[in-house]
Each structure stands twice: as C-alpha cells, then as structure tokens.
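In the two assemblies presented below, subunit A is common to both, partnered first by subunit B and then by subunit C.
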Partner chain A sequence: MDWTWFHKWGSPKWFYELSGKWLPWLVGAMFTFLLIGVTWALLFVPEDYQQGLTNRIFYVHVPVASISLAFFPLMAMSGTVFLVWRMKLADVVVKVAAPLGAWFTALALASGSIWGVDTWGTWWVWDGRLTSLLLQFFLLLGVVSLRTALEDSEGAARACALLSIVGCINVVVIKYSVDWWNTLHQTSSNFTLAADQANGPEIWLPLIFMIVAVYLFFAISLILSTRNEILQREKRAQWVMDLVAKS
Partner chain B sequence: MQFSNFQEFIEMGGYAFNVWSVYGMFLIFLTVNLYGPLRKNRQIIRNLKRRYALNAQIPSRSASADTQRPTGSETTEEESA
Partner chain C sequence: MSAVRSTLVGAVLATLRRDLLIAYRRKNDLLNPFMFFVLVATLFPIGVSPEPEMLGEISAGVLWISALLASLLAMDNLFRADFEDGSLELLMLSRHPLYFLVLAKNVAHWLVSGLPIVLVSPLIAYMLNFPEGAYSTLVLTLLLGTPVLSLLGSIGVALTVGLGSRGLILAVITLPMSVPVLIAGTLTVSQTLEGASLSGYLAIMGAMLVASFTLAPLASAAALRVSVN
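So, the complex of A and B:
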C-alpha cells in the first residue's frame, strides 16, 4: 500500500499550502448555505401549532448541538494519530479543536436554554441530556487548561490526547441520554425521506442547509486556527520565513 | 412567507426575545470564530516579520531567542524584510 498521502498530511507545509487553496471555496459555500438556510428558517418555515415561532431556534440549536458532539471523536482520532505515529499536525488539531468545541457546546446550551424557557417553562433542569452536555463543556475547558497548565509541551500534548480519548465516553452518554433517561429533553426526530413522516420537507429542508453551513463553518474555523498554530510552531522553518517575507 | 409586514417579523409572534437573542448569539459565535483567527494570522505574520528582521541584525540572537523545540532551518541571514 502506498502511504505517501499519510506522510503528506503530516507535513505542516503541505497542509498550509493546500488549505490556502481550499479556503476561498469553503467560505463561499458556507455563506451560500448560511444565507439560504437563515432566510428560509426565519421567514418561510410555518409556525408550529404548539411552540409558535420559537421553532426558529431549532435551526440554530440542532446544527450547533449535533456538531458539538463531533469534537471529542475528532480530538480522540487526532490524539491517537499523535500518540502512535508522533504526527505533529495531529497534535495541532487536538489543540485548536478544544476551544472551538467549547464555543459550540456553550452555544448549544445557551440556545437550548432560551428555547426551553418558554416551551418547557424553565431555563434549566438537571436532565440527562443537559447535564451530560454541560459536562462536555467542562471537559473541553479541561483540555484547554491542561495544555496551558503543563510546562512540558510534549507531555501536555500526550495528556490532552489521552483526555480526548477518555472524553469520548461522555459523547456516547450525551447521544443516548434522551433514550436512557426519560426526563425532559425530547428524543431525536426521525428524519426519513418517506412521504408519511411527521415533519414535511418544509421543516427539514432548511435544517439540512443549516447543518451543511455549520459543518462548513466548523471546518473553516478549524483550518484557520490550525494554520495559525502551524506558523507559530514552524517559525524557524525556511518555508515560513519565505512566506512571511512574501506577505 | 410567514409575515405580512416588517413589524410582525420583528415581533416573532411574541417570541422576539427568544428568537433574536439566539440568532444574535449565533452571529457573535460565527464572527468570533472566523474573524478572530483571521486577525490572529495577520498579527502572527507581523510579529514574525519583526522577529526575523531583528534576528538578521543581531545574528547571535537567532540561536538563543527561543527555547521552544527547534524545527526546520536555523539560518536567518537572508531575512531582512
């Protein structure tokens, strides 16, 4: 098997150059999906017969909350690659993903709270889903502070990789919390393409636009921070010096 | 279209606070995590430019300027811009 792709991906220089070419396209696609999704969600989605127009919050809360669950698996995969193959770029991903994941989780919690205050009649309950998501927020802050707390950068990288792998257990808890504990948060709606499902395309099509937009945003923000971290770590490399001289 | 005029759109059927605060936070979240790294990139390049210029002036500094793990080339002589 040809492993050159693996070594290429491990090369910060190669990543920096390739991602620079991708970014304009990703940003263009993100704004297109975001504009269509937000306009559709705010102006055209029909009013819910129980929730009224608070159903607009669904189109921010669901994409952000579901993508917030991708952070620990992503950091665990990158952490494993770093621990096993010593790939520096994988550790960069673990480092920059943690604060972004904390942002995602915080927005998922806040938007859910503001949605719940009128539909559930409460800002907060110690429900399984809410509590496990709050735990994810603190675990992500833990990964961020673990990095700054440890003096030895190699040791910090290893500790963060390990905590990321352990943190995946909580993702499973978050995912199945609504099925295990029947407290307050509802279970996931079934999204099938069948015609007889409860929610029609006028409900779920704008959601798909928002999910794609938020996924693209997630990728773009992660790539931008990865590039910054690469520049700082590789500041003694000739290619960074050339790049700085050119700009 | 669910609204017949702009006033109705702003009022959001009595849920103006809920809807607009969530969309407002979403906007802040997007701006911070896109504009933040872009601004930081310009800042890093500016700092590196200054640092390389300084290293070129005082060649002995380049070896001891930083205690971080050395990666890549150590030569900074040709950097003056």
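So, the complex of A and C:
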C-alpha cells in the first residue's frame, strides 16, 4: 500500500500550503450556508405553537452542541496519531482543539441557557445533558491548563495527548452515568428537547443548513488556529521566514 | 547484589512491601487523609445545618464528597517522594513491566489512604444521622469506589509529577473524571433506602473497579514515562 498520502501530513509546511488553498472555498461555503440557514430559520420557519420565537435559538444551539461533542474524539484521535507516529501536526491539532473545544462547549451551554430561561423558566437545571456538557467543559479546561503548566513542549505534547485519550473515554462514561443519574431523579417532564412534535421538513431543513454552516465554521477555526500555531512553531524555518519577508 | 533474578510477582510484592513500610514509618502521611476526611465531613453540619433531618438527607453525599477530596489530597504522595529521591526512575528502569509496579504502588497507596476512610465512615455516618439500614451499602460502595478514585487519580498524579506546584491542576484534571464514581456511589445508597435491589448497582461499581484496575495503571505508566525523562 502506498503511504505517501499519510506521510505528507507529517509536514507542517505541506499542510500550511494546502490549507491556504482550502480556506477561501471553506469560508465561501460557510457564508452561503450560514446566510441561507439564518434567514430561513429566523424569518421563514413557522413559529413554534408553544415556545413562539424563542424556539428559533434551536437552530444555533443544536449545531453548536453537536459539534462540541466532537472535540474529545478529535483530540483523542490526533493524540493517538501523535503518540504512535510522532506527527507534529497531530500535536498542533490537540493543542489548538482544546481551547477551541472549551469555547464551543461554553457557547453550547450559553445558548442552551438562553433557550432554557424562556422554556424551562430557569437558566440552569442539573439535567443529564447539561451536567455532562459542563463536565466536558471542565475536562477541556484541564487539558488546556496541563498544557500551560508543562512548559517543556515535547513532554507537554505527549502528556496532553494521553490526557485527551483518557478524557475521551471518560466523557463517554460521564455521559452514561449522568444520564443514569438524571433519569432516576427526573423531576420535570419538560427536560426533553421540545421540538420533536410534528417536525416536518420546514423545521429540519434549515437545521441541516445551520449544522453544515457551524461544522464549516468549526473547520475554519481549527484550520486557522492550526496555521497560526504552525507559524509560531516553525518560526525559525526558512519557509516561514520567506513567507514573512514576502508579506 | 544477589545473583538471583527477581520474578515479576517478587517485584510486585517488594514494591508493595516497600511502600507500606515507608507509610508505616511516616505516620503523618498515614494520618493526614484520614484527618482530612473527618474534618471535611465536620464542616458540612456547621456550614449547611445541624438539623438531624437535613443532615440525614445529605449524609451520603457528604461522605462521598469528603472521601473524594481526601483521596485527591492523598494522591499527591503517590509518586512525589519517589520522584524527588530518584527511586521512581529506578522503578522505571526495572526490567519488569511498569504496569504491575504502578498497580502495586496504587494498591499500597489505597491500603494506606483509602481503607482507613472506608473503615471510619460508619462512625462519621452515625454522626451525620445517616439513615439506618444503609450502613452496609455505604461501606460496600466506598470499598468498591475509593480504589477507583485512587486509580483514576494516579493518572493525574503521573501526568503532573514533574511540576513544582500542582495541587490545583491535579484537582482540575481528576475531579471531573471522578464524577461517575460519585454518582454510582450515592445512587446505590439512595436506592438501598428506597428498597430497590442492589445487585445491579453494585455490579456497575464492580465493573468500574475492574475497568479502572486493568486500564488506569496502563495510562499511569504511560504518563510516568512522559513525565519522568
């Protein structure tokens, strides 16, 4: 089997150039999907008969929350690649994904809270989903602070890769145990996602647009911060100096 | 040096024996987690309410949280002294798999810091007006749960052993990971009081123990190889 495609990922320079070519397309696609999704969701989707206009935050909250669940698997995968093949780029991804993931998780919690204040009448309940997301937020901050605390970059990289793998397993365990805890202690029936009743295509099609837009936004943020980190790490390399001299 | 080559079991037993002996000689380390557990549990009646009914309702949670914090505090001793005097490096240079040696250290550490807490918990539970009829469940869950806390904590300790001041970062890494154990422990106790069958809950706690017993030392050993160069 030909492994050159794989080994190319070991070169930060190659990734930098390739991602530079992708970026305009990704940004263009994101804005297209975002524009269609936002206009559709905010202006044309019929109002929820119970929640009224508040329900429209659904179109922000669901994509953001779903992408925030992808961070630990992403970091664990990159961490494994780094530990096994010592690929520098994988460590860059582990490093930049942790704070990014914390932001997305915070965004999911915040948008959920804003939604909750109108539908549940409170900013916060100790519901299974909310609690597990909050704990994931703490775990991500733990990875970030471990990275800051260990100054030695090689050691920090391996430690963070390891913690990401452990954290990924743990997020799954937390998810199940918290659901278990919550279902036994369920006190109110309106904890479930309320939009499930009679959801025809006019409800979920704009959601698809928003999900694609948010996934593209995630990809763009990840690529941009990865490029930034690559430049910082390779600042003594000739190609970076050439790049700086050109600009 | 004797010419006899040590066996794996011999190495594990020697590590266990050494750690227990050190703990026995340093009686402060032996007493501190225990004292901490009792002190934290004492803070709750003072801070929340001395009403027996209120205390009885929260007592299972109080005991579990106190045990969690005490185990976190005690974790710091697991590798630090060995790291500072270099014996940890010798342990890693041993031709035996680090996995088993770390496991031995974990077991010794739990015997010293976890078991006393489990043993004293009925007394503290009584002082907190713990509901009658769940004492045996409480002790059983702590017996199954505190080793899991130690095993999970040892991953965090191994990751941060090279750091100067790591109290807080250890907590930030370890506490979220301990949540499933906390949930399982307190749920089991509250289910006993409601008269539910315990076998399922205990099976889950047992599964947690088995999983962390087999997997956590793997992560701890890998983390030690990262931290100690």
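In the analysis below, the second predicted complex is superposed on the first by the 219 of 247 C-alpha atoms of A that agree within 3 Å, B and C clash if a C-alpha of one lies under 4 Å from a C-alpha of the other, contacts with A are read in each partner's own complex, and residues count from 1 in each chain.
Here, contacts are C-beta pairs under 8 Å (C-beta built on N, C-alpha and C of every residue); 3 or more make two chains touch, one makes a residue touch a chain.
Everything numeric here is computed off the predicted structure, so don't read it as measured data.
**Q** Just checking: does A:H7 make contact with subunit B only, subunit C only, both, or neither of them? Give me first, second, both or neither.
**A** A:H7: touches no partner chain.
**Q** Going by the contact rule set out at the top, does A:L162 touch subunit B (first), subunit C (second), both, or neither?
**A** After superposing on A, A:L162 lies in contact with subunit C but is clear of subunit B.
**Q** Is A:A110 contacted by the first partner subunit B, the second partner subunit C, both or neither?
**A** Touch partner of A:A110: subunit B, not subunit C.
**Q** Figure out whether A:L141 sits in contact with subunit B (first) or subunit C (second), or with both, or with neither.
**A** Touch status of A:L141: second partner only.
**Q** Would you check which partner chain A:R86 touches, where first means subunit B only, second means subunit C only, and both and neither mean what they say?
**A** neither
**Q** Does subunit A have more residues touched by subunit B or by subunit C?
**A** Between subunit B and subunit C, the winner on subunit A residue contacts is B.
**Q** Report for A:V240: first if it touches subunit B alone, second if subunit C alone, otherwise both or neither.
**A** So A:V240 only meets subunit B here.
**Q** After lining up the shared chain so the two structures overlap, which partner does A:Q232 touch, if you call subunit B first and subunit C second: first, second, both or neither?
**A** Only subunit B is touched by A:Q232; subunit C is not.
**Q** Which parts of subunit A are touched by subunit B and by subunit C alike?
**A** none
**Q** Of all residues in subunit B, which touch subunit A in the complex?
**A** Going by the criterion above, the answer is residues 1-3, 9, 12-15, 17-19, 21-23, 25-26, 29-30, 32-34, 37-38, 40-41, 44-45, 48-49, 51-52, 66, 68-76, 79, 81.
**Q** Help me check something: in the complex, which residues belonging to subunit A touch subunit C?
**A** 135, 138-139, 141-142, 145-146, 149-150, 155, 158-159, 162-163, 165-167, 169-170, 173-174, 176-178, 180-181, 184
**Q** Over in the complex, which subunit A residues touch subunit B? Could you list them?
**A** 34, 38, 42-47, 52-54, 56-57, 60-61, 64, 100, 103, 107, 110-111, 114-115, 117-118, 153-154, 217, 220-221, 224-225, 227-228, 231-241, 243-245, 247
**Q** Would you mind writing out the residues of subunit C in touch with subunit A in their complex?
**A** Per the touch definition, subunit C meets subunit A at residues 155, 159-160, 162-163, 166, 169, 172-173, 175-177, 179-180, 183-184, 187, 191, 215, 219, 222-223, 226-227, 229.
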